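Next come two complexes, and both contain chain A; in the first it sits with chain B, in the second with chain C.
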Partner chain A sequence: MNHFDVIIIGGGPAGMQAAIRLGNFNYKTLIIEKEKSIGGKLTQWDKLFPDFYSAEELLQNLTRQLNENVSILTEQEVKDIENTSENEWTVKTADGQYSSKALLIASGYDFFNAKRKEEFGYGIYPNVITSVELEAMIKNGKITTLDGRIPQKIAYLQCVGSRDEKVGNHYCSINCCICAVKQSIEVKELLPDVEQYCFYMDLRMAGQHYEELYRTSQEKYHVQFIRGRISEAASTFDNRIQIKAENTLLSTPLKLTVDLFVLMVGMEASETTRFISQKFNISNEYGFLQSKQRYCSDNETEIKGLFLAGTCKRPMTIPKSLKDGDAAANAIFDYLKNR
Partner chain B sequence: MNNFHPFVLPFTIGTVVLFIILFALFVKWLLQMDKTQKTTALKNIISFKTLKAVWEAVRECLFHRNIFRTNPVLGYMHLSFAFGWFLLIVIGKIETTFYSGTFWDEFWLAIFFRFFEDTSVTFSGSELFTQLMDACLLFVLSGIVLAVIKRFYSKIYGMKKTTKHTIVDKIALTSLWCIFPLRLLAESATAGIKHNGGFLTQSLGNLLVGLPLEHITLPLWWMYSIALCLFFLFMPFTRYMHIFTEMLLVFLRKWGVTENNQKTGYTNIELNACSRCGICIDVCPLNTEAGINNVQSVYFIKNTRYGTLTKEIADNCLMCGRCVQACPVGIESTLIRQIMRKKECFNNKDYYQYIPDKEEKQISEEKEVIYFAGCMSHITVSIPEAMKHIFAAANVKYWYMDENETICCGRPLMQQGLDKQAETLRQKNTEKILSSSIRTLVTSCPICYKSFTEEYHLPIEVLHHTQYIDRLIRQGRIKVNRSDIKVTYHDPCELGRGCKIYEEPRHVLHAVAELMNVKMEKENSLCCGYNLANTQLELEDQMKIRNAAINNLTAPKPDTVITSCPMCKRALQHGINVNIKDIAEIVDENIAK
Partner chain C sequence: MKDFGYSISKGRTLNYDNSDFSLKKTLEHDVVSYCRCIGCGACASTCSAAKFTDFSIFKCNMLFRNAKYDELEQELSKCMLCGKCTLVCPRGVNTRGMILEMRNLIEKNKNNNE
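And now, the complex of A and B:
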């Protein structure tokens, strides 16, 4: 039986939360996920800002709430989507074909490919890593350089691929500022002797308890925040990273040699998001999906029966994505009821 | 006087005034040339080069070969005007010489011959001359027809944009257009009375017989003469000044005169040699991609000539050199632009804070090459990394001159008109280079390469890394495998049009990959848009220019796009998720172990 009330493309936080609601509304729901398991980018994270809530616990919580109305397909990439008739959607994957009355896109984001900012040496120097790779180290409880040394100095760089006109991403990715604050605290707890520097254009602590965490990181964990962009990074003979920057508050150039250089990568529309936004011609200038109206119908699109949730629309935090999943489920409920 | 009538006066006055002005201007400009330019010219005046210049002047100023190459219709138009008019004067003169039996007849006689011709006087070949003159007139008239069409429908010539002209230009243009139709009418009217016309004027004259010819003939000759007079009087102040200035330019250029780093008489000659044909507008990426259509060389030159140049026009240019490549007159407009950008020196101190005071340790070991990565390579770090591997594979001992302390080569400052600052940097770098006894300098940046070869006057060999890698491969010092990946190559402006290096990178790429051709390559390659020379361009427009270059490079669907300039690499990298590499990287990946 391949017919459902709702198909959800993408099993990240937004998709899961919507599936929980739709299941509770007694709609037969299918989640199509391209990875081995559902959870989206949550699976790559250890703890969440600003309260260090465990990502794993959140994931278990969400999974537990999915009822028997919800089926899950993993390791299935969407090949094509068709609006076969007014009331029917067909989704093709490599293995099969599924149809539904309504379609919810929750295909999320991807991390910015840091290789596109070659000046920071990612992919060229081994000890230049992304925030995602640092999170994996934190999750393992072991932070080392590639050659197994315990880092003495770590530098973080904000806005890699966000707010960068040159790579075409004018927007702020919202999560990275506070994420670096969170990660630097966790790193300091694992490595009490480490010195940490965070380079920023301006810090956007836009949420309750964010500002407090930023303050704690400075007062208690001695993270140094330096306003200024890093112009270039070079490897030293012993595989450390020498960075050149300007402290724009003091108007002085500075050089710093660190053991690990962490790039806080921004968020870009994922491949599936781009595919869908192009297919239905509802792309914004960055390849994210465009909802019908940002204020009152942010989950609907110009196409009947096609709904959106989460970061396929724009960068969001996890709580915001979950709420957006809820809202999408409600919108779908209204749509299916009044059909 | 037999051959005089008051109507010849406007023409005579116009001609005399024109030649006085021309003479005065030419002398002024020649005197305004600087010392090196004068000595270069004088040294070469009596040489084979002068003969070559004569030939080139004939080829370009009469036949307009270069315009022919770009656009045959446009070429024919110019040819018919220039060569046709030239023939009218020369054949006319020969005709009157036969007629009056002396070369030293009244000089206007050849111009108004049909009016003064005494049909009872016979001379050998008179019939042939009449027909020839008519043929020439027809030739010129065909050009006029094309010119009128061009003014109103430039698209049919394949020109997307034609130049906007000043009011003086328009007056001169109108009088120029009137000259030959008026000549045709005047000669035909005279032929109607005197029966001295050729196939064209006589046929038309016969048609006019019904009209009161005796009343309209003289006014037509007056109008013809006045049209000539107007054109001659306005000419030195319009674009038509190019007719004579271009010839002077051809000679000076053949004698080895070039632009120096300041505005001289030679610059004025170049400015006046521009015919405002507008060919540069269509090749300018600012126009084709970003719709900016008031800054191109033709407008820059026009504004400079009339003293109305603004900073916005002078600075809004990528100096990619496509216009210089396309210019039928060969005006070095980017060099003139650089000169016109020259700024008064302000406090230098802030510029050099980053230059270390203390000298680095001297190079004691024997080394083969100096490697200078360049500022831009420091932010495209995979390029110097790949070069390190190539040096190692070839067993070359090198000194990485700017590994820790980068001093800019100075060219970006030069392009901004900050000559003094650039000179300071050049001195610092020259001191560093000469502190070693190494005889070869390799750089990874075409901007630095152009600077080192043209502005530094170093006593050692300077190579761009494409040339150096090519040499290593040819000498067998590195062995490479040919991979089956498909690549396209982006010619950087500074290396291609700037330094004419097209073959070495292609030879290297043929050795390591499958090189595909792209539509616009070599001299015609498109600018990546990131050139540091432009300080006016909005990012949005820069991206449009870059995207055009990307589309050109990715059209044959290559696996990898290759370039040999860190700046271009950065530009293309920011554009798309296409695989973009420097030539050094792909060589490094394919070195045989």
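And now, the complex of A and C:
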């Protein structure tokens, strides 16, 4: 049986939340996920900001709510999508062909490839890592340098791949500022003697309890926030990383050697998101998907029966992605009812 | 012909690797709110002393964080301890207490080094 009411491309938080709602509306729903399991980027995260809620627990909660109307296909990459006739969508994967009355895109984002910012030395020096790799260390409860030492000094750099004209991304990725605050607190709890420096251009704590967590990180965890963007990083003979920046609040250059240098990588449209945005010509200036209208029809597109949810549109936090999944399910309900 | 020819400029770069941050750690402990400064400058903007001298309180905070005590000592002497800055700080920094404690710590540090 390859016919469904709704096909959802992408089984991350937005796709899962939409599937929960659509399942509850009694629509036969199919999630197509390219990874081994659903959950999206949640599977790579340990705890969520700003309340340290367990990512695993959230994933279990979401999975539990999926009812029998929802089928899941994993390890299936979308090869092609066609709007075969009015109100009919066909999705081809390597193994099969599936059709539906409505199509929901929840294909999400990918992390910025930090190698593109060569001056920070990612992929060149072993102790330059991304926030994603740091999160994996936090998840394992063990933070070491690549050569197995316990780090004494760690530096974080904000806006790697975001707010940077040089890589073509003018936008802010929203999550990284508060994520560095969260991670620095977790690292300090694992390594009480560590000294941490966070380099920023602006700190954007634009969410409930974000600012409070930032204060806590300064006051209780003594994370030092330095306004200034690191210009370059170089390795020392013993594999530590020497960084150069300007302390713009003092108008003075500074240099500092750290054991781990963490790049807070931003969010970019995922490969599938780019494929779809090009295919249907609904790409915004960065390859994300453009909704019909930002205020009142943010889940609809100019194409009938094609809906959007989550970070395939723009960077979003997890709670926002979940709400967007809900909103998309409601929009699809209205569409199928009036069809 | 004293000003003739070239000389070598002293580097301006703050080197965190060989700076001594021990005073900073004491202040973090004694005036906890000191850590919360975000350098907004509200303190400097309301400061009576700043109207007549180039005194800036948040800059004192930044200098202290960066262990630039020589410059700081002169700066701190400009403060009249009126406390207006404490009233305006959005982060609740005990600026007046911070300045007093900085003066004490730097003085003690100097005596220890002599």
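One rule holds in what follows: the second predicted complex is superposed on the first by the 339 of 339 C-alpha atoms of A that agree within 3 Å, B and C clash if a C-alpha of one lies under 4 Å from a C-alpha of the other, contacts with A are read in each partner's own complex, and residues count from 1 in each chain.
Following the convention adopted for this analysis, contacts are C-beta pairs under 8 Å (C-beta built on N, C-alpha and C of every residue); 3 or more make two chains touch, one makes a residue touch a chain.
Here the structure is a predicted model, which means the values were calculated and not measured.
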* Taking the superposition as given, does A:E165 touch the first partner, chain B, the second, chain C, both, or neither? -> first
* To do: Could you say whether A:Q218 touches chain B, chain C, both of them, or neither, answering first, second, both or neither?
  => second
* To do: Go through the superposed model and pick first if A:P253 touches only chain B, second if only chain C, both, or neither.
  => both
* First (chain B), second (chain C), both or neither touched by A:E119 -> first
* To do: Could you say whether A:S231 touches chain B, chain C, both of them, or neither, answering first, second, both or neither?
  => first
* chain A positions touched by chain B in one structure and by chain C in the second -> 253
* To do: Over in the complex, which chain A residues touch chain B? Could you list them?
  => 113, 116, 118-119, 121, 124-125, 165-168, 231-234, 253
* In their complex, what parts of chain A are in touch with chain C? -> 197, 203, 215, 218-219, 222, 224-225, 227, 247, 249-250, 252-257
* Asked: Within the complex, which stretch of chain B touches chain A?
  -> 353-354, 378-382, 385, 539, 543, 569-570, 573-575, 577
* Residues of chain C defined as touching chain A within the complex -> 12-17, 28, 32-33, 35-36, 38-39, 58-59, 62-63, 65-66, 91
